[in-house]
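Questions regarding the structure given below will be posed in turn.
Letters A, B, C and D mark the chains in the order given here, with residues in each chain numbered from 1 onward.
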Amino acid sequence: MAPASKLITLSEALNRYVPDGAEIVMGTSLETLIPFAAGHEIMRQRKRNLTLIGPISDILFDQIVGAGCVGKIRAAWVGNVITGSSYNFRRAVEGGDLKMEDHSNLTVAMALKAGAMGVPFMPALTGLGSDLFKTNTSLKKITCPFTGKTLTAVSAINPDVAIIHAQRSDEYGNAHFWGNLGVTSDACLASRYIIITAEEIVSPDVIESDPNRVITPGFRVSAVVHAPWGAHPSPVPGYYNRDHNAFIEYRSNSKTPQKFEKWMRDWVDNVKTSDDYIRLLGNERVVKLKLINHLLSEPVDYGY
Amino acid sequence: MAPASKLITLSEALNRYVPDGAEIVMGTSLETLIPFAAGHEIMRQRKRNLTLIGPISDILFDQIVGAGCVGKIRAAWVGNVITGSSYNFRRAVEGGDLKMEDHSNLTVAMALKAGAMGVPFMPALTGLGSDLFKTNTSLKKITCPFTGKTLTAVSAINPDVAIIHAQRSDEYGNAHFWGNLGVTSDACLASRYIIITAEEIVSPDVIESDPNRVITPGFRVSAVVHAPWGAHPSPVPGYYNRDHNAFIEYRSNSKTPQKFEKWMRDWVDNVKTSDDYIRLLGNERVVKLKLINHLLSEPVDYGY
Amino acid sequence: MATDTDCCTLSELMVVAAAREIADREVVFVGMRLPLLGFLLAKRTHAPDAVGIYELGIVRDSPAPEPILTMGDLPNLFKAKWLSDTSDVMGLLQNGTIDVSFIGGAQVDRFGNLNTSYIMSSEKLATRLPGSGGACDLAGLSKRHIIIMAHEKHRFVTKVDYITSPGYGNGAGWREKAGLPRGGPSAVITSLGIMRFDPVSKEMVLVSIHPDVTARNILDNTGWQLKISDMLEKTPVPTEYELKVLRELDPEGYWTGS
Amino acid sequence: MATDTDCCTLSELMVVAAAREIADREVVFVGMRLPLLGFLLAKRTHAPDAVGIYELGIVRDSPAPEPILTMGDLPNLFKAKWLSDTSDVMGLLQNGTIDVSFIGGAQVDRFGNLNTSYIMSSEKLATRLPGSGGACDLAGLSKRHIIIMAHEKHRFVTKVDYITSPGYGNGAGWREKAGLPRGGPSAVITSLGIMRFDPVSKEMVLVSIHPDVTARNILDNTGWQLKISDMLEKTPVPTEYELKVLRELDPEGYWTGS
């Protein structure tokens, strides 16, 4: 009675669960664990007319926009966390090629929580007095039935797919996720399909030794992909630090459409596997990003 | 710049943070980690006119009701999980001495989530078609501003105090909590004061080695109490199993007010400290309840 | 009246009937007491890949390693697939992920409405019961739910005193009008037989009679003129294997003893 | 125009001014870039017991063990007091637990409304900026917030093109009418000086001028007739100790270099 393995390749996972026009939530823990490898596969597959959802995305959304895959973004912030504005995104919005639904971090979190909880909206106090209401039709003002006060109602978001990069997963989709959690849990529960990309594939025993560390129930997960260094250049707690230089370099490599094209050829299209990517990074960079100061969690006992 | 310790005695904690008339949430992980020791101190201090809040309480609420401390209960279920109805509660409601606000587990969870999120209500699909609306004025029917459908609005609950039994805490209120989590996190964040009773007081190093395991931020905690066996007879993951016999015995020990009086004298009023309680339990029982089959969590690395 | 039969106790018969309501791979919101055993039995027999969800914040897809009396027992947490918040698992229920759930009842009416809160006697409160727990949530939000209870005339009433857990209200269309997104009771397993609901009128219909019980017994113990199916069956007795497993799950007969 | 002074860079001056807005024991919602450094500096100097909340889901009360460029850097997770969900920490913000927060801005108006979304030019979109992130939340829900930005005429406008993060709207009473539960900007720290808000009219008032800057410079770089306080001060330069700590926090001068 062994259940079926969900372990497939990145290419197969995105072929199967991300059709053109899909609504995808990714980058759910904000600055950490951003699924860059999966994002790059989306670019390689030349998906079209996607809707990207997330609180902030650091530079990943900018890259997918640059590849021409995106029709709409529902997010709080799109840019480069340490350098500011991002160029593909600016060009696309300013040129009228990209629809934007403007959120705040709290409204994205509430939209996904509504999706996860199976209710059509969540109330919030944020956004009042702002112009988000002008550029986001999924926000409405309502009157509280108990207090009579004005509230923001945030419409539920139920993405087609959540793409989550986790530290370790078994082949059935039970994945350990640690560090800051962002909106990851709600994003998974709100989505129809969940794709897990993981630094390591481990035995179910490892995962079962700590069920509180599991990010979403495995029976809800559709595909598991082994993707070492799959969140580079964002940091992965337990595995590697943030590669600041990659973010600084990307800024100049995306300044013009021509420069971006070259960057995409080198770092996306010419990369077929995790091994290719790690080779391209180079040993020196890889070694420099690895953890030096370790801090292991004190065990807890789940016995009886 | 060492912060002030919050470690005080159980008696002091309840004297300071639970005045007569207070609204208290407890039993937040439902069947596990129920703060019996704190509940018994409430009884010893002969608090009056309390409001008890929780999803289900197993027999703890029945005991506090029996001691005459309670004016109102806001809960989904009050009874004895393995034997059914509980007698003090029945007597009090049937005699008109106890007000009841009838919830479901989901409406309690949403009321506390609204409290935690700082919004006056949360929407839900539950309760519709039920008579909960007749015996719970904190539920109202509303129309969804996006879909036009009927929803249940659950009014926020912001208790005066959350009493949480945790496995281990440092003296500053940073506590590790594991197993099923129930409504514990939201109950803490919704409450004005938080009292942690813990099986063990540990050094901050232990807690800092695993910040994902912390149940609520320590700066929000008012008091920390060392209370070994403080959740008996409910189970504590990592420490001891459920004492089924205690629940079965309590059923007959609470059948009449006279029997309950005797039970309370023996198990509450004559017990002053954790040591008294453990002595009363007896070595044989204590040994039998301890974990035999251990399962330690696989460590994770929080380094850099 | 039904009693224990040659082969098994009445409780064993009911638990086995409950287990058979679960199909393999279904996602089951497991309640307390008899339903808990029914789920564990189904997992060990015909539904090995069923997933169990517990309102405490537990998801597991393997049986607990040791007999448990209630869902919060530590063996039920051991090697769970997910330990989380009540609101997370209630979200799974509310968003339509749960195929089937089980509810015990104190009072039920012809449309499967359940009361576990207040029993009235000439307009005055006679008995305060424990209340909903998760039952109201399960009855409203599962794709279907199954009621398990003792079959006695004072429990099977024309109209319940208080709707803790909605069934079909006053008949067809009522749930939709109330705003419930899905679901309704699909079976009532009692100490005498099994009832289902007419797909059009939503009224309870007797479909199966336990060993040594007659239709007359059941009508005498039901507070309204209970409809009887044209295809009335005998409730099949547990197989030897089912009984063997069940007795491993409840070795002391706490739940299923006579 | 202000430039780096003898003692320090302009960015260092701004970060030190930001740090001084934090009182000890306050709960601070820390933003990205300069405010992040300001918080870390305050912790290491006059506000050792301040608690930092980060929208990623981080609470910490000790400085990170190593310089960090952004809040998601792993040293900022190391020995954190709490690692949790964004909605949990946003709940702390929404329920009134946050004393002070910091926001960067691209365009601000006389009532402290901020735009980090759309810059228009003759009714057409000229520049798309990154958007709110958590800024709209912080501006709406902290007990007070502090704005940090470059002081240039095209950024200091009579009316912002888009309100990403509400200040005082069009003046007294506006926030209350909008339904905001509390808060408003308490200071604007720029590359030229420090502004606060008139307690009655809620209009921005110049209160402090950086070294080597004149009131004339500031008025010339402000798109409306900026009010000047009767008690106009000179912004105090950083102490040696503040500078020493700051240079440990940003050793390569990524944020605070000239």
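The rule we apply is simple: contacts are C-beta pairs under 8 Å (C-beta built on N, C-alpha and C of every residue); 3 or more make two chains touch, one makes a residue touch a chain.
Values in this document were obtained by computation on a predicted structure and should not be read as measured data.
The most distant chain from chain C, with centres taken as the mean of CA atoms, is D. Per-chain CA centroids place chain A at a distance of 28 Å from chain D. With centres set at the average Cα position, the gap from chain A to chain C is 41 Å.
Between chain A and chain B the centroid-to-centroid distance comes to 36 Å (mean Cα coordinates, whole Å). Residue positions of chain C with contacts to 2 or more other chains are 65, 73-74, 77-79, 83-84, 87, 90, 93-94, 141, 181. Among the residues of chain B, those touching two or more other chains are numbered 117-119, 124-125, 149, 151, 178-179, 181, 185, 212, 237, 241, 291, 293, 295, 302-304.
Shown here, the protein chains touch in an arrangement that is not a line, ring, star or fully connected set.
Under the contact rule stated at the top, the pairs of chains that touch are A-B, A-C, A-D, B-C, B-D. Taken together, the chain B residues at the contact with chain D in this complex read 1, 3, 115-119, 174, 185, 189-190, 208, 211-212, 214, 216-220, 302-304. Residues of chain C touching chain B in their complex: 32-33, 54-58, 65, 69-74, 77-79, 83-87, 90, 93-94, 117-118, 125-137, 139-141, 162-166, 169, 174-175, 178-181, 254.
Chain contact summary for the complex, chain B toward chain A: residues 117-125, 138, 140, 142, 144-147, 149, 151, 153, 155, 167, 176, 178-179, 181, 206, 209-210, 212-213, 237-238, 241, 291-304. Note for the complex: chain A touches chain D at residues 29-32, 55-56, 75-79, 81-82, 84-86, 89-90, 93-94, 100, 102-106, 109-110, 113, 124-132, 134-135, 141, 149-151, 178-186, 234-235, 237, 241-242, 244, 291, 293, 295.
Taken in their complex, chain C has these residues touching chain A: 27, 48-49, 51, 59, 61, 65-66, 73-75, 77-84, 87-88, 90-97, 141, 181.
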